[in-house]
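The data blocks that follow each hold one structure.
Here come two complexes built around subunit A, the first alongside subunit B, the second alongside subunit C.
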Partner chain A sequence: MDIKKLISKISKVYSMDIKISEEVANLLKDNGLKAEEMEKVIKDAEESGKKLESKDGSKCLAKAEDDNLTCYALYSASNGGFSLDSGYAHKMKMVGPTGGEFNVEAADEADWICKKCNENAIEANVDMTYLGVTRPGNAIVCPKCGDMYLGEDMVPTIKGAEGILEEKRG
Partner chain B sequence: MEQIEKISSLCPECLRNISGVKYASDDGKVYIDKECEDHGVFTTLISKDVNHYHQMENFFEVDRASPKNHLGVTEKGCPLDCGLCPSHKQDTCLAVVEVTDRCDMGCTYCFASSLMDDSKDPDMATIRKMFETVKYYSNDPTCVQISGGEPTLREDLPEIIKMGRDLGLTHIELNTNGVRIAQDQEYFDRIIDAGIDALYLGFDGVSDDVYMKRTGKNLFEVKSEVINKCRTAGIGVVLVPLVANNYNLHEVGNIIKFASNNVPTVRGVHFQPVFLSGRSPADQEAKITILDLLENIEEQTNGQLKVEHFTPALMATAQCGATCMTLVEGEGEFLPLTNIEQGSLNTSTDVASKTKKSIMGRWKGSSKNEDNSEAVGSNKCCGNTPLTTVTVPQESSCCRSTTKSNGWAEFIEMSKNRYLTISTMAFQDVWSYEKGRIENCCIHVVTKDGKFVPFCNYNLSSCNGEYLYRDQITT
Partner chain C sequence: MPAEDFAPINSEWLEKAGNLWTTPFVDKPSERVIVDPILLSHAAALFKKTPKYFWENPDEAARMVCQACELYDITPVGHYLWADYWGQDYGAEIKIQETSPPAITKYPIKEPEDIDKFEVKSPEELKEGPTFKDHFKALDTVLEEYPQMFAPITQLAGPMEVATNWAGIEDVFMWMITEPEIVDKLIVKATEHMVNACKVTAEKYGANVMITGSVVASGDLLEREQIKRFSYEPQCKAVKNVLKAGAGPGIYYHLCGNHTNSFDMWKDAPMSPFTVVQVGNDGKNVFPSSKLVEHFGDRCTCFGVVDTKLIDRGTPRQVYDQTAEQLQAGKDSPRGFIIGSSCECPTYAPPANVHAMVKAAKDYGKYEKF
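Up next, the complex of A and B:
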C-alpha cells in the first residue's frame, strides 16, 4: 500500500462517523458497555480488516478482547459512515476447538465470511472456560485463521451460565 | 512449631475458662494445646495439614451483620451466660427449635442424649414463645429448623408448623429420622399441608450394616421410602450423615452417589463429623477432621470431587465447615462449581444473608413437574430430556452441536434441576472449643425460656457428660 493510500485510509478511519441509535445506546447500557468502546472496536476492525462480514455484505461483526472481557460490535455501513446495530460481551475465554481441531467438513457453513482471509466461516463448538469450568459453546469460526466469534443468539445462554458460576463462587 | 494464634477455650474436665494455643507442629499438623491448672494439659488435632488450614483461612473473606437484639446484661462473659450476649458478633442463619426431648431411635451416639422417656415436651404456648424469640433476635428472613429429639413423635407437629407459618417465619425445615414419615402417609400429608419447606433427614449410609451399628435397626429402606414420598410431594431433602471412623467413613462416596441419583428431590448432603458430646463414643478414635472427610470423598468418588473443590462454608470461621456445589451430569458423574484454588470473590454480602438464601433456595422443595430424578443418568439433550418449567433458549450449543452433545445450555439446565450441595460442618466439642468461633456462630438454638444459644455452646458437655446448657434448660 503506498503512503497516499495509507494516509487516506487512516484519515477515513479517524474521521469515521459512527451512529448509535437511542435503542442501541440503551442496549449498551444494559450490557454494561460504553459507546466509546464500541467505536474503538469498529475503528480497529475497519483499520485491520479483522472482522466477519455477512455474506450479503450488509453487516459486520468485530470484537476486542482483553483479559476479562470480550466485546462485540455488530454494525453496518450507513451514509458513508457506520451504524452500530448491537453490542454485547462475554467474560468467558474461548480456548480453542472442542476436541482439539475443527471438523470443517462436518460443520455447518455460517452466514459470515472472514474478511481478513476471505474465507467462509463455519459454525463450530469451541471450548469456553470461566471460573474453572470448561464447556463447549457454539461459535462462528474462520477455518483458516482460527478466529472465533460468539454469535448474538448465544449471548443469553453464555451470560446465564456466567451468572450461575459467579453466584456459586465466594 | 509455628504458633497460629492464642485462643480462649474450656477445660474438658471442669468447663472452666482456660487459655490455649493453636499451632502447626513440625510435621505440618495443626493442634490446640490448652492447660487447666487442676486437670493438666490437653492436646487436640484440628487439621492434619497446615497448608490446607491456611488455604481455607485465606479464602474466607466475609462481612458480618449483628444480631437484631442482644441480652441486656451479662455477668460471667462468654460462654457462661449465653443468650445472645453483647459479645456475639453474628446474626442468625438458622434457628433450631427443639419441640421434644423424646426419640424412638436409641442411637449409641446422640449429642442430644435423647431417650424415649417421659420428659415433658414444651406446650404450644412455649413453642409460640420460642418462635417469637427467633423473630426477636434474628433479622428477616427467618429460617427455622424444627428439631428434637424426634419431632414426629408429637401428634401436634402439623399445628406447630402451621403456627410458625402464621407467625411469619420465612423458612421451616424438619429434622427427622424419617421413620414416622415412611410409615404414616396421612401424618406426612398433614405436615405438608401445614407448610413444611424441606426435610433434614438423618442418613448415615446406604447399607443396613451402618444403621444396625448405631441403632440396632435396618433403616435403609425407611430412608429410601421417605425420599420417594418427598419426591411425590415435591419436598426437598437434605441427607444428614453423622460421620465417624470405624462407623461409616467408608460409605461417604456411596452416600454422595445415592444423592446424585436422587436430585433434585435430594438437594444436598450435609456431613456431620462426630463430636464428643452427649451420648458419644468413648474415645477420640472416632473423630475425624474436615480434611479427613474431604480426602475420603475424593478417594471414594474416584477423584471427581476433590479436596480443592470444597471452599469454606459461610459460617462462623473458615474452620467451621466446607462446601462443594456441584452439578450432577449422570450417575456419580459430577461437574463441581466451587474451587478453593481460584480464590474468593470479595463479596460484600453478610454471612447470614447469604447462607439463609442458600437454605431457602437450594434446599427448598422442587415442584412436582420439575423433578427429573428418573432421567438422571440418561444424559440426553434437546427433545429427549424432559424440559423443566423454564425452557432454555433453543439456539443452545447442544442443539446445534456437530461434535459434542453438551454445552452451556445444558449446563444451565443442569443448574436448575441437577444441583447438589455437599457440605460438612465441624461442630465443636469441649476438646476443640474456641471462644472466637462461638462468638461468630450463626446457628442458634432457641431455649424454652426465650434465649438464643449458639449450637456448639448448647450441646457442649464436659468429658464427664455434664452439659454447659442443655441439661440446665431442658430439665
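Up next, the complex of A and C:
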C-alpha cells in the first residue's frame, strides 16, 4: 500500500463517524461500558483488520482485552460511518483451545469470517480463566490465526459462571 | 411423609458436604472427592417405601433423597426424575409401577407419518405440562425445605432418548434403517423440545443444569456413525442452543452404557465452565477413570464410575475395591473429579454397598493436588 493510500485510510478511520443510539447507549450503561471504549474498539479493528465479519457482510464483531476484561463491539456500516449495535464484556480471560488444539474437522462452522485471514470461523471450546479457575466455554474461533471471540448469545452463560466463581472463590 | 416427620439435617455436615461438592467445579480445596451414587428411588427403600410411592409423591421423594444424602454422606443435592420424561406432555400414557420407575405404555407417535404432524410444545405449554408439574413439585420442595441442597436440574438425556419417549424404541430403531430421514426429522423436534424445556427451568430458577448425554444411543445398540448422526451432532446443536437461550450454565453429559465406539467424539461437544462428563462402560467393563481423565481431564470435570450392577449385586468389599481403584486413577484430575455410580443407584441395592463407596472415598479419595 502506498503512503497516500495509507494516509487516506488512517484519516478515514480517525474521522470515523460512529453512531450510538439511545437504546444502545443504555445497554452500554447496563453492561458497565463507555461509548469511548467502544469507539476505540471499532477504530482499532478497522485500522488493523482484526475482526470478524458476518457471512452476509452486514455486521462486524471486534474486541479489546486487558487482564481483567474483554470488551466487544458489534457494529455495522452506516452512511459512510458505523453504527454500534451492541456492546458487551466478560471477565473470564480466554487463554487458548480447550484440550490443547482445535479439532477443526469436528467443529461447526460459525456464521462469521475472520477478516484478517479471510477464513471461515468455527465454533469451538476455549479455555477461560477467572479467579484462578480454568474451564471451557464455547466460542467463535479463527482456525488459522487462533483469534477467539465470545458470541453475544453466550454472554449469559459466561456471566452466570463468573457470578458462581465470585461467590465460591471471591 | 410430610416435612415434620424427618429429623433435621445436621448443619455442620451440610456445610462440609457442600464444600466437597463445590471443589470439582471451582477448584476450592477440600479434603476428599465427593461420592454421587445418583440416588433416586433407593432413598425410598431406606424409608421402607416403594418406588411407586417415590414417583407418585415428588415432594416426599425429594425429602427422602435429601435425607439419604446425609445418611450416606454423599453429594448434598435433592434429585427427582426418571428416564421416560416428556412422553406424557405429548399424549403418551404412562404406568406407575410398583417396583420400577414409571414407564410409557402408549406412545404419541405410532407411524412415520405422525412425525410430520408432531408439534413441539412451547416453553409456556411445557411449564404447565405433567412432567414439569411433578418435577417442579420436587424441586420446589428442595428449594423451600433444603435450600442448600437445591440444583435447578432439567432431565432430558439426549435427543434419541426424548425421541424414544415419543415413539417406541423398536419403531425408531427400525425407521433408522428403513427411513433414516424421518428419524432425522424426529430428532430435530427432540432437540427443539430440549431447548424449550431448559428455558422453562432457567426462567423459573434463574439458572439451569441440563442432564443430557446418551443412554439409548450406546455402542451396544448403534454404530458410531449412527450415534454421530442421531445423537451426538443434534445434541451438540441442542446444547449450544440451550446456552444461547441463556438456559445454562450447567451441562452434565451422562453417557450411560457401553461407549467404547463413540466416547471420544464427546471431547468436542460444546462445553460451559460447569461441564461434567460421565461414561458408564467400556465394553462389558466399567469405564476406567484413567481413560476418562486421559481424554477429558484437561477439558472438564470428570465423573468416574462404579458399576451399577456391582453396587446392586456385589459384595461391599468388591464395591469398596472398585471405588478405591477408580478414585486413585481419577481423584486429582485437573478440572475436578466426582466418583459415583455408572447410572441410577438400584432401588434395592444393599445400603452397605453404597456405604462402601463412601468408605473408599474417605480412605482413598483424599486430594493430593491442593
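Going forward, the second predicted complex is superposed on the first by the 168 of 170 C-alpha atoms of A that agree within 3 Å, B and C clash if a C-alpha of one lies under 4 Å from a C-alpha of the other, contacts with A are read in each partner's own complex, and residues count from 1 in each chain.
As a convention for this text, contacts are C-beta pairs under 8 Å (C-beta built on N, C-alpha and C of every residue); 3 or more make two chains touch, one makes a residue touch a chain.
The structure presented is a predicted model; accordingly, all values stated were derived computationally and were not measured.
S.K.: Superposed on subunit A, are subunit B and subunit C clashing or fitting side by side?
M.R.: Aligned on subunit A, subunit B and subunit C clash with each other.
S.K.: Answer with first, second, both or neither: which of subunit B and subunit C does A:Asn138 touch in the superposed model?
M.R.: both
S.K.: Mind working out whether A:Gly49 is in touch with subunit B, subunit C, both or neither, as first, second, both or neither?
M.R.: neither
S.K.: According to the stated criteria, A:Gly100 is in contact with first (subunit B), second (subunit C), both, or neither; which is it?
M.R.: second
S.K.: Just checking: does A:Glu166 make contact with subunit B only, subunit C only, both, or neither of them? Give me first, second, both or neither.
M.R.: Once the two structures are laid over each other on A, A:Glu166 reaches subunit B alone.
S.K.: For A:Ala124, using the defined touch cut-off, is the partner it touches subunit B, subunit C, both, or neither? Pick first, second, both or neither.
M.R.: A:Ala124 contacts both subunit B and subunit C.
S.K.: Touching A:Gly57 in the superposition: subunit B (first), subunit C (second), both, neither?
M.R.: The answer is neither, since A:Gly57 touches no partner chain.
S.K.: When the two structures are overlaid on chain A, which partner does A:Ile158 contact: first (subunit B), second (subunit C), both, or neither?
M.R.: After superposition on chain A, A:Ile158 lies in contact with both partners, subunit B and subunit C.
S.K.: Where along subunit B is the clash with subunit C: 114-122, 330-338, 348-356 or 438-446?
M.R.: Superposition on chain A puts subunit C right on top of 330-338.
S.K.: Which residues would you name on subunit A as touching subunit B in one complex and subunit C in the other?
M.R.: Of subunit A, residues 98-99, 103, 106-108, 123-125, 128, 132-133, 135-138, 151, 153-154, 156-158, 160-161, 164-165, 168-169 contact subunit B in one complex and subunit C in the other.
S.K.: Which of the residues in subunit B end up touching subunit A in this complex?
M.R.: Residues 61, 325, 335, 337-339, 341-342, 344-347, 392-393, 395-397, 400-404, 406-412, 415.
S.K.: State the interface residues of subunit A toward subunit B in the complex, per the touch definition above.
M.R.: 98-99, 103, 106-108, 123-125, 128, 131-133, 135-138, 151, 153-154, 156-158, 160-161, 164-166, 168-170
S.K.: Per the contact definition, I'd like the list of subunit C residues that touch subunit A in the complex.
M.R.: Touch list, subunit C to subunit A: 22, 25-28, 207, 236-237, 240, 243-244, 246, 248-249, 265, 267-268, 270-275, 298-300, 335.
S.K.: What part of subunit A is in contact with subunit C in the complex they form?
M.R.: That would be residues 92, 98-100, 103, 106-108, 123-125, 128, 132-138, 151, 153-154, 156-158, 160-161, 164-165, 168-169 of subunit A.
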